Amino acid sequence: MQFTFRPRAAHLLLAIDLVGTALFAAEGASTAVEARLDLLGMLVLAFVTALGGGIVRDLLIGDIPPGAIRDWHYAAVALASGAAVFLLRAHTSGIDHWLILTLDAAGLSFFAISGASKALEFKLNPLLATMMGGITGVGGGTIRDLLIGQVPKVLRSDVYAAAALFGAAITVLCLRLKVNGVVASGLGITGCFVLRILAVYRHWNLPGAG
Amino acid sequence: MQFTFRPRAAHLLLAIDLVGTALFAAEGASTAVEARLDLLGMLVLAFVTALGGGIVRDLLIGDIPPGAIRDWHYAAVALASGAAVFLLRAHTSGIDHWLILTLDAAGLSFFAISGASKALEFKLNPLLATMMGGITGVGGGTIRDLLIGQVPKVLRSDVYAAAALFGAAITVLCLRLKVNGVVASGLGITGCFVLRILAVYRHWNLPGAG
Amino acid sequence: MQFTFRPRAAHLLLAIDLVGTALFAAEGASTAVEARLDLLGMLVLAFVTALGGGIVRDLLIGDIPPGAIRDWHYAAVALASGAAVFLLRAHTSGIDHWLILTLDAAGLSFFAISGASKALEFKLNPLLATMMGGITGVGGGTIRDLLIGQVPKVLRSDVYAAAALFGAAITVLCLRLKVNGVVASGLGITGCFVLRILAVYRHWNLPGAG
């Protein structure tokens, strides 16, 4: 999902964005290993997990063709990351659970904040811009879960989408209060990341409907 | 699902449209209770059920960003309705089955007719405009069913999507015959509503494929 | 899935395209018979299977409203084909397995190559244009499988999406090398078709992730 901050921070942010893409793609490909898909299925899940949320957001806010379709770097990074998981799949079982969780929380934070910022640039209302941040963060994983026949994890499990929305809301609020863009992004990313990690560590859950 | 009739009927129709949104959102949230989702899952299902059909229609006819994304009232009504179901969830089990069915049939009728009318305004062919009415009416429920891992009810069960298409077809036909817009809408809404209620009451079904 | 070659080959190609639409629609409707859907469910699956891939591609490349929504011929052909399957459903069980497979491979080839060509016309990068060919070929079947609650076949099974991508890649490569459009299409269609048939005949599979 594309950061579109124009000024000098742009290169750093593009790099961060591509790192997030690579990470989510690797997660998608790993899911494919569990679901016993073939190589192509892995690449599809890598692409969808990494870029699906941003593509849906771009369709909804009217940035068409979506950035991930217009700019080949995103697809290339996602597919390369998926291919790497395929090649290394015999060696991934020992990776530390908390490392994956931390990296995933970082990716979620970046995507949510970049999604919300972009939606604001496209003149969306703050409520909808916050939701677009949430969609950017969890949309790809939702489509992936549907493709492998599972109820999307974000609908059931702990504070995941809520963290994305929380971070997005912080950034949207800051930007509306004319806070500097980099500060607004930093605060939102931090808020999402910390809430997500705390929620896992302390087993927080939203109130159930039952 | 935005009514876009320009003239003086517009306020009434907007009100009707928002009532339909609230109703469908409440149904979505109720489904989330059954599926044992958490609060956020309820809000997601409320939003998707109420606004998913209109969003898909708007993407397909080229009204981008979709009305439900551009105008925050729709999201606010859907989320408020979902939150109300959450708060009142202990007290909903006694609600009369036929009341729900009647309200749902009303919502279906409004959505189908507004969807078909809007598609005609966007210069779609009558066949496709009728289909857009059907998508507006049942699209949200279809996405909701997919998200909770069920085969969409509209594909299997009794005369539901068929009623939406029937009402949409009446309105499209009337509008092509230069019938006044309010009359065309009234006839379509009535046709859809009556067919839906009759079908439930008499256990009508479409011929099966088996 | 619209062929958009302007010159005199256009009529032939439109005819081929509509034949592909009819074939994929018939397959979708047949799936509905197996899933015990009603008549409307059959028509929905016929439409979605035949036109879903092209609609998603058009949304992604920015041709909105999608060709299949703008031009009623596609919907009419898909629905007529679905209705024919409904009427003839008692007589379809004896159809030769290899005939279906061959016709399906032909439809896949046409859709993949037309999708890739159209994406190039819309200035997509060769990598993404090839992917758009794949989406055009297998997108409809993927949506159909999701609607009936199955993990999409293309994610699991033998060389199907891979054949679509292979043919699309040939055409994209040829067009970038300034090969004549009809020749580029012919080579791509042949490549996809031959690979698909060979893969079934020889039980080829992509390397698994297991």
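Think of it as A, B and C in the order they're written, each chain with its own count starting at 1.
In this section, contacts are C-beta pairs under 8 Å (C-beta built on N, C-alpha and C of every residue); 3 or more make two chains touch, one makes a residue touch a chain.
If you're wondering where the values come from, they're calculated on a predicted model, not measured in any experiment.
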| item | value |
| --- | --- |
| Overall pattern in which the protein chains touch one another (line/ring/star/complete/other) | complete |
| Copies subunit B and subunit C - rotation angle from C-alpha fit, nearest 5 degrees | 120 |
| Mean-CA-position distance for subunit C and subunit A (Å) | 30 |
| Residues of subunit A engaged with two or more neighbouring chains | 59, 64, 146, 149 |
| Touching residues on subunit C, where the partner in the complex is subunit A | 59-62, 64, 122, 124-125, 127-128, 131, 142, 146, 149-152, 154-156, 161-162, 165, 205-210 |
| Sites on subunit A touched by subunit C in the complex | 32-33, 35-42, 44-45, 47, 55, 59, 64-66, 69-70, 72, 75-76, 86, 89, 146-149 |
